[in-house]
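Take a look at this one; I'll ask things after.
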Amino acid sequence: MIQPLTREQMAARVARDIPDGSYVNLGIGVPTLVANYVPAEREVIYHSENGVLGMGPAPKPGEEDPDLINAGKQLVTLLPGGCYFHHTDAFVMMRGGHLDLTVLGAFQVSETGDLANWMTSDQYLPPAVGGAMDLAIGAKRVFVVMEHTTRRGEPKILKTCTYPLTGTGVVDRIYTDLAVIDVTDEGLVVREMIDGFDLEDLQEQTDAPLRSADDLSLLVHRTEVDLSSGL
Amino acid sequence: MIDKRVATLTQAVSDVKDGSTILISGFGIAGIPIDLCHALIDRGATDLTLVTNNAGSGHTDVAALLKAGCVRKIVCSYPRSAGSIWFEELYRAGKIELELVPQGTLSERMRAGGAGLGGFYTPTAGGTLLAKGKETREINGREYLLEYPIRGDVALIKADRADRWGNLTYSKSARNFGPTMATAADLTIVQVREIVELGELDPECVITPGIFVNRVVEVGASS
Amino acid sequence: MIQPLTREQMAARVARDIPDGSYVNLGIGVPTLVANYVPAEREVIYHSENGVLGMGPAPKPGEEDPDLINAGKQLVTLLPGGCYFHHTDAFVMMRGGHLDLTVLGAFQVSETGDLANWMTSDQYLPPAVGGAMDLAIGAKRVFVVMEHTTRRGEPKILKTCTYPLTGTGVVDRIYTDLAVIDVTDEGLVVREMIDGFDLEDLQEQTDAPLRSADDLSLLVHRTEVDLSSGL
Amino acid sequence: MIDKRVATLTQAVSDVKDGSTILISGFGIAGIPIDLCHALIDRGATDLTLVTNNAGSGHTDVAALLKAGCVRKIVCSYPRSAGSIWFEELYRAGKIELELVPQGTLSERMRAGGAGLGGFYTPTAGGTLLAKGKETREINGREYLLEYPIRGDVALIKADRADRWGNLTYSKSARNFGPTMATAADLTIVQVREIVELGELDPECVITPGIFVNRVVEVGASS
């Protein structure tokens, strides 16, 4: 019986790959959890598109300030060295290629790194895009973290996305509850896979063709902070 | 003498015309000029086009403008938030027009409006549904969309402190769209926590120079 | 014997027309002198394209700060309520139509308000444009102050400028040492003229056709501060 | 750990390559990174393209770079100042290339470079000699020129205070081109009067967030 990673374990796995000294924007959902698992030894500067650089953790009770929130509208704090700026400047950072990395959730990713994470085909829901497109095209590297398949078991890693795109050819690496997969010029390369799976098992849950890295390793379940990097 | 202070919220929005395009600052709960929004509802404004990042949630400010039937169209990046019930109801009923703009493009289009530019080329949204109908151009091997400026007849903004020349400072992430919107409207109206004496704001730390501001009204530490 | 206005008298005449509460950019040369003659009762906010709003007069001896200069590179001061910003924002103010008024020097002005004030035909001098073009197209109103003719007596108000243009159709009013002239849709209209001159005398020194305002008045020589307005 | 402090000026510019495009802050005497300019001369840089508002005056900083023969081309708005003798001499001798750009367009082109835009339409210089060869477009009845971004390989900037994350404040009108240039280069090197502890700069008053800065070197109250 295989054990997919929990959301926390996925976040912890992504956290291993956040480099010391990097400027990072974390999307809403699992991406936001990533910060919890980045080792304290690494100094990472978190950016929020609503005009904050150097975000710290959630405030202690009694220290909440409704004027200090992140892009997910959660209350946050500011680290010493952090600063504020207006929205247009926040997007200069994003669109201008100044962020080292963004971690985003996704509905679908294609084998060429197309990203679909802003709109499903539900006609009753009004569309909402926020800053997703700016992040997708602007950050130097784009990591996606998501479940490997939908709740119904449909693959989310596809030859071609069926949902409307956020950006084309933008994703560098995909972290799922089953594997870590690089988007390369030669297609999707599996770097890590959970115990009990072989490439065929993973391929069954994946629409786009996969191949195995020469140094394929085990995707481990852990939520403790890990100083090693999978990059 | 220059004195941009206005005594009441009612006075501040008294001449906002029906059919106007209104830029409204704020992201989530931070930086929304709640009191000005409600003054506008009290005035009975109709047929407005709102340019604002979210489409309101709950029953106050932007949501209240929607609920009160003041709004014909909304230009925003993220209308679907927790509690955006009034927008969703109007949207499903086909009673409101939506122009969805990626957040960075929304902000940059208003900046262009304030800066006197005729338009700009952005890579954002290239190859997506939101590029539909837009002119594209390849520049140095990359695809860009041509985007045009947005200007408002009025900007409603929440800031932290002001002086009688209209210089503004903001509070933390409540700064968000305020400084850009202030530049992009014919009439910029600002609610602030506190009005201070001329010279009290550090000239190195004024975020919106008064040249972009027409009226300031003190509301204290409002809701 | 007619008496053309001195540079100071020209500046004082322009100063009469600077409205209370206006945002004004003064160009280099005679325009800079204008501030000296604006009545203290009027609160005028002076803009400088190098990032200053609310400029005050020259510093007292001992209070000079080399970091606080105007566009002419002269040492200035900052009034209470003044502030600093970066160059790009300074030009947002200019290009974006936020300045009420600019006063500029000129080599030539055409009857349709074309302005030439950045380049002569001297091939040995490298061209230099600075912020002149942004001011010319951006300010809500453009006043030009200049001698009526060149030192050689050649007219500077022309049917068509012969020097390279700074902007087309931008000038609203011309202040010379002989007259105050409005640029209107119906051509150049003389509002004020110095004593001893009639329209023919002025026309002789002017290439573009002039006509007289119905309420033509005397251009007076004074340098004391004057609260009346010629607007 | 992030530590952008560099001990010496020599170290700060050690890897600036010949043939680079260098953005240099400053307007008149205010905001010119004099010490960094001289460090670059000491390194013996050649074939540089400078992007800077003026073309130097007297014998220091930008003028010294010209005098030392480091510069192939200069992109600026106002090369002719009192005392710009080195530029004028090279210009008359045909030994330097000049690209003259209106000041606001110069600043805006660098902003576009830092903001990831492909270009923009500006009304400035429409109908003038400086529109020659530029694509024009009528937008809402007004003529605009298409202008393309400027980026530098390196930006040399003078600021007032910095911390080890590279956050910057400036002094009065010496701010000028610094904040925009910092966004528009692959490598942004800043000389400051003083480096302070992390957290000492007011987060509301940081003018250049550290994300735009690669190196800071403390020079004290320099020339």
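For clarity, chains are labelled A, B, C and D in written order, and residue numbers in each chain start from 1.
Just so it is clear, a contact is a pair of C-beta atoms (placed from the backbone, for glycine too) under 8 Å apart; a residue touches a chain by one contact, two chains touch by 3 or more.
Composition by chain, UniProt nomenclature: A, C = 3-oxoadipate CoA-transferase subunit B.
Predicted, not measured: the structure shown is a model, and the values here were computed from it.
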item	value
Higher-contact pair (C-beta pairs counted), A-D versus C-D	C-D
Most distant chain from subunit C, judged by the mean position of its C-alpha atoms	A
Whole-Å gap between the CA centroids of subunit A and subunit D	35
Where subunit B and subunit D are represented by their mean Cα positions, the distance between them in whole Å	33
Subunit A and subunit C, separation of their C-alpha mean positions in angstrom	57
Whole-Å separation of chain centres (CA-atom averages), subunit C against subunit D	30
Residues within subunit B bordering two or more other chains	108, 111, 115-117, 122-123, 170, 172, 203-204, 207
Subunit C, residues touching no fewer than two other chains	78, 84-85, 91, 95, 138
Each pair of chains that touches, named by its two labels	A-B, A-D, B-C, B-D, C-D
Footprint of subunit D on subunit C - complex, ascending	48-52, 65-69, 73, 78, 84-88, 90-91, 94-95, 119, 124-134, 137-138, 164-168
Complex interface listing, subunit A residues touching subunit D	20-21, 23, 43, 45, 47, 53-54, 78, 80-85, 89, 91-93, 95-99, 138
Residues of subunit B that touch subunit A when the two form their complex	27-31, 53, 55, 77-82, 87-88, 91-92, 98, 100-105, 107-108, 110-111, 122-130, 170-180, 207
Contacting residues of subunit D [partner subunit A, same complex]	1-2, 111, 114-117, 163-165, 167, 183, 198-199, 201, 203-204, 206, 209-212
In the complex with subunit B, residue positions of subunit D that touch it	108, 112, 115-123, 137, 139-140, 142, 144, 148, 169-170, 172, 202-205, 207
